[in-house]
Amino acid sequence: MTFPILSVIIFSPIVAALIILMMPAERKTEIRVMALMTAVFALLLSLWVYLTYDQSLAGYQFIEKYDWMPAFGISLHLGVDGISTPLVLLTGVVMFTGVIISWGIEDRPREFFAFLFLLASGVFGVFVALDLFMLFFFYEIAVFPMYLLIAIWGWVKTREYAAMKLTLYLFIGSVVALLGALAMYFQSGMGTFDMLMLETANFSPEFQKIWFLPVFLGFAVLGGIWPFHNWSPDGHVAAPTAVSMFHAGVLMKLGAFAALRVGIMLLPEGAKFWAPLILMLALVNVVYGAFIAMIQTDLKYMIGFSSVSHMGLVMLGFATLTEQGMTGAGVQMFSHGVMTALFFAATGMVYDRAHTRKIPELGGMIKPLPWVGFAFIIGGLVSMGMPGFSGFVAEFPIFMGVWQVKPWVAILAVISIVITAAYIMLAIRRTFFGEMPKEFEGHITPIKAIDKVALVLLSGLMIGLGIFPGIMVPMVQSGIQNVLRILGGA
Amino acid sequence: MDFLYNHLLSIILFFPAVAAILVVFLPNGEDKLARWVAFIASLVPFALTLVLWANFDATNAGTFQFEETYVWYSTINSNFHIGVDGISLSMVLLTTLLTPLAILASFNIKEKVKAYMMLFLFLEMGMLGVFLSMDLLIFFVFWEIGLVPMYFLINQWGSENRNYASLKFMIYTVGGSLGLLLAIQLLGVLFGTYDIAAITEGWTALNSGMVMGMPVATVKIVAFWAFVVAFAIKVPVWPFHTWLPDAHTEAPVAGSMILAGVLLKLGAYGFIRLVLPLYPAESAQFAGWLAFLAVMAIVFGAFGAYGQWDFKRLVAYSSVNHMGFVLLGIAAAAKAPGTASAHIAMNGAILQMFNHGISAAAMFFLVGVIYERTHTRDLKKYGGLFPLIPVFGGILIFASMSSLGLPGLNGFVSEFLVVRGAWAEMAGFTAAGMIGLLFTGAYILKGIKNVLHGPLNEEWAHGDHKISDINLREVLVMLPLMALMLSLGIAPAWLLGVINNAVTALF
Amino acid sequence: MFTTSMIMAILPEILLLVLGLLVLAFDLIWKSESKRNLGWLTASGLLFILVLSVAIARPAESTAVFGGMLRYDMLGFVFKLLFIFGAMMTTLFMMDAEKLGKRGESYILLLVATIGMSLMASASDLIMLYLAIETTSIPMYILAGFMRDDKKSTEAGFKYLLFGAMASTIMLYGFSLIFGFTGSTALVAITGFSMPLAIGVIALIMIGIAFKISLAPFHFWAPDVYEGAPTPITGFLSTASKAAGFAVLMRLFLGLFPATSQYAPTWTMVMAVLATITMTLGNVVALSQTNIKRMLAYSSVAHAGYALVGVVSLSELGVGSVTFYLIAYVMTNLAAFGIIAAFSKVTGSDEIADYAGMSRRNPTLGLVALVAFLSLTGMPPFGGFVAKVFVFAAAVKADMIWLAVVGILNSIVGLYYYLTFLKVVYLYRMEGENEEAHPIPLTRPYAIALTVLSFAILAVGIIFGPWFNIASSVAEGLF
């Protein structure tokens, strides 16, 4: 019996959440320390999984399987492959940095961390679940704490609207996909929800063509695919910093990941049939998102729409159904996750001090907040796909994949790069350089040492991945090869 | 020592980056320390480049030497593959030489010294990377990386209009590289590798059939222009040159030195290293167009420069003018590859790149020197300064003459070679270019006249604004440049030999 | 002759009766101050019955007892346990409710109603069934109108009586027609019958049951009654009573008109339509409610609709899913009404707006509200999620994807108003923002009941395997 590391990763946040809930509400410091310890624990475990994942073997590893409901063929079947391992690490990183960033929450930190950890558990669960039912189970767990986290601790002006909008969108998406999953379950006649077995079900092409679109789009709603992306920028803006980090950093990946795992891997023929449509939608995401981001004056809205654009690249990569495109998409999920987490962390730090996120009202922030400024710049460079940073490493193969399918799509999508460069550079300059408005003098206090840890960790990951793509890309590629095997074999 | 020799290029390439990181971790407030660390750190690559030069097999300058290969991005089959041949060696020398001088020139920077020095060192790495890459993707990586430090150098340490200029610089170059990026992707997808040699072989051999649903010829023409536009913006060639005067004018002195001295060469180097080898047929086919653009750059650059009353803008336009000659040489070499005149023209173009690097850097530095003292760049506000600052005056005249192409100095040699080579192939364009050369003389003399001669502007002679002569540090910056101008003017063989061996082997 | 299985078959009912007599006796002995302790007595008695029944009264196979009056099978057994559990929780909620808690009658009436429900679940003869229904209904009429001084409560009791009586009558008319055509009242004897006007008979019975489980358009009594009746009673009414109705529905329709019957397509289609109307109407009207009890009344209408989806799919999976749904629903809704009871005991209000700041006034109660309402929404890891999935799965399996889609669309509407309530609880502040000054203390019975329910909801939602096995064992006797 080996150490059940994946179930420990999934359930330790829940256990911690329960413990935190039992602590007296006044002992805020103890609650925070407990939260941080849990996050460190999860980070170390996910790092451990990442480092000990055996690339030469590839395939699913750290497999655990417990019967949950044999009558229905539901089991707690866990395992990670090359695609999900980086995402588990990403979740660990975002959880850790998210807790750090939320250190200063004064309103009911107990409930905040408990909900946040519930969310984290759900996210971990989706990434490692190999059982379709469990995947949904964790998926929903990841979605609903979002409502409370945004509605309670979010930005007063829009939080109620945004939280409700987000929850409704995601819920609709997931139940539509759930319907597809049930259809698969009954159609296969195998009496199991085990995805590894459903992969071999050989659904008829007609069935796949009917069900692929609801399943893929149902999940892709969470990935922010156009025209169902509308919830995302509102949600980003309204959410408190740590939740924005989770939201854009991890949750959107959840959608893309599930769309890949359930949509493409279980319904490969459907994927082939609908890929051109997905490609078009994703292209709109990429270009439209960038244009909308350009005209935003609120930093968080800008980042929100840039996420729409970047997640479009993930979908674009998946829709190519080529090795390079999908590998790039896999890496882009990690890269974008770290990048937006960093963006939101930096934005949150500025907002906490200046109490505004309007780009025209800010300025000269680099002087009092040099670390934040540098981190934001690095995030910006990643966002522009600047070589040497993780964004390039991820986007380049995506474009190569697109070339192989529809060259003109690549040519159109690449426009987003120059637009991104424009708005990112403008935002950096207006926020961090130039004259600092008078009213901020003396209000901009330096950030805490612990915040620097978060910023450095996130920036370091992006630079490290950008310079040495070998530390992650082959792993993702090994996972993608499995997907291709399914696509080719069906 | 074996380690040093086996990894000489990567050490030259990455030493600046390591030093940059080191600079970041220096204590705050120690500006002087930061300056000296950066300066000394930038001398190391220069020294190593001299070692490289000494060990370089000049007779085989056409083959890549000191090659190193490491797996970089296995998924898309791109390797970290670097090496030097005669052409890139000269450019590496130019870069590692100008960087310490530029850092020395920026010792008067007072604000955010650490950040400045760090960016400068990163910039050096980016430029070196472009010259050393033998892998198309790595080439692009370094090509783009260089933008970031340059953007911030202009944006943070530039003059009044820096925001506009820096963004324009960024958007132009990023926009220009989009086509390049797409074309590189296309090649990568087609050949499954990014090794330049392998792609060249495959791409030139591919002459019929369909690619991406289109005839090969069409794709090649489109891709050719994608490459050309990206590099032409960087050079910059008329009509893509409009970012340059803005960027130059707003950039800090050392920024302009590097911008004119090295960054512009990246574009020209791209033509020589990628466009001509990858698209020999298209290059020959469109050589006339390239020559036309080159001539327009020469003529308009000269006219533009003549029309300026801002000293720095004048020098900036002169870069357009001079880089036009580089492109003219390249166009001539493209027209009739393998012929003697092609070789001559190409030799001239490469030498002109080197020469312009030196003289433009020198000119921008001198503009900076006088600006620092007068806080104006308006030519009308100078006048008759020669008696007040005789040493500066002498140096300025010397550098101007090099820029003007006075026989005996470096500029003459390269321009002569270009014209000599181009004449046989495209006499009409060359003749038109000569008109530009005439105006080169005119604007240079205009600059000298307004600064040094004519009636003395009394403001600079007395009182608070009394002008002081060039100081020792500034002279130290100029000395190596002037030495090179002279030596290349009188005996260019040491450099031209290496270049020529490479050119004859390659073209 | 009496056999062990006969005793076992009605063991819960016997024990309930004994308990009722005990309560009566103590009601006479104890002084009025200590009559609250009758609640502890009832609750612990019910717990004992529950444990004992689980331990020894589990039926091995489906057998007819008492001359075919009752069936001793899993369907009856599981539902009985559910009713006893519900009664136990309701007792705890009643203890500190005004006017209910210190009166022996209220506990006795509750126990009698539970006996009636238990018999409903196992009745296999039309006469027995009718008697059981009335045994359930009459105490409930009284309990609903228990607070005589309260106009609304009186109205509730009276309304419930009138509509209940009418529904019973209609159903009885249907029964009599069946007897008239077949000459028998035993379900076994009339299974699979065919006769003229069968559709009409089916309609009559269906209307009767539809009243009991408040299916639209026969639901209109529910909101008024739910609002007026004492809150613990409302909880019982909306859970156990509804579950009993479903037990009857399944036994009658799956027994009399099974999938092989020629009428099966007709009644399933009618019920599918009813389910659609019920879900949609319940959810949409719930949207605009400002009173939490009325909102939950409409929401429980909607939940009946979801559960009906499982019945309609007419399969073993369907029956199992309905049972599972009811198990989860009973626990969840009881918790919801428990919260309301606890809250209104302190504040005297049932308006949603008055819930502002509740999570600060009592964080634990806030968390229970979270658990209960998210479970109603159908979010994991709470019982409601798995329950909904199974019900929809049954529909998908029966190729009624459109019905599943309707259900999904409806649960989205549900999501909206449940979350709106949670928003008030968690996000909004009391006027003056001094929640700490207005705590909501929980008395011990509330604390115990709400804790048990919360963990039960989680247990059903996470370890759903064993629960579903129990639920599907119900189906085995029917197919």
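Lettered A, B and C in written order, each chain numbered from 1.
Keep this in mind: a contact is a pair of C-beta atoms (placed from the backbone, for glycine too) under 8 Å apart; a residue touches a chain by one contact, two chains touch by 3 or more.
Nothing here was measured: the structure is a model prediction, and the numbers come from that model.
Common neighbours of subunit A and subunit B under the contact definition above are absent. Chain A has the C-alpha centroid lying closest to the overall centroid of all protein C-alpha atoms shown. The centroid of the Cα atoms in subunit A and the matching centroid in subunit B are 42 Å apart. One finds 41 Å separating the Cα centroids of subunit A and subunit C.
Taking the mean of the C-alpha atoms as each chain's centre, subunit B and subunit C sit 83 Å apart.
Contact with two or more other chains is made by no residue of subunit C.
On the subunit A side of its complex with subunit B, the touching residues are 323-324, 327, 381, 384, 386-388, 392-393, 396-397, 399-400, 403-404, 407, 410-411, 414-415, 417-418, 421-422, 425-426, 429, 433-434, 469-470, 473-474, 477.
Considering their complex, residues 71-76, 137, 140-145, 147-148, 151, 155-156, 163, 166-167, 170-171, 174-175, 178, 181-182, 185-186, 188-189, 212-213 of subunit B touch subunit A. Residues 21, 25, 67-72, 74, 108, 110-111, 133, 136-138, 140-141, 143-144, 147-148, 151-152, 159-160, 163-164, 167-168, 171-172, 175-176, 178-179, 182-183, 185-186 of subunit A are the ones that touch subunit C when the two sit in their complex.
Contact residues of subunit C toward subunit A in the complex are 359-360, 363, 367, 370, 374, 377, 379-381, 385, 389, 392-393, 396-397, 401, 404-405, 408, 411-412, 415-416, 419-420, 422-423, 426-427, 464-465, 468-469, 472.
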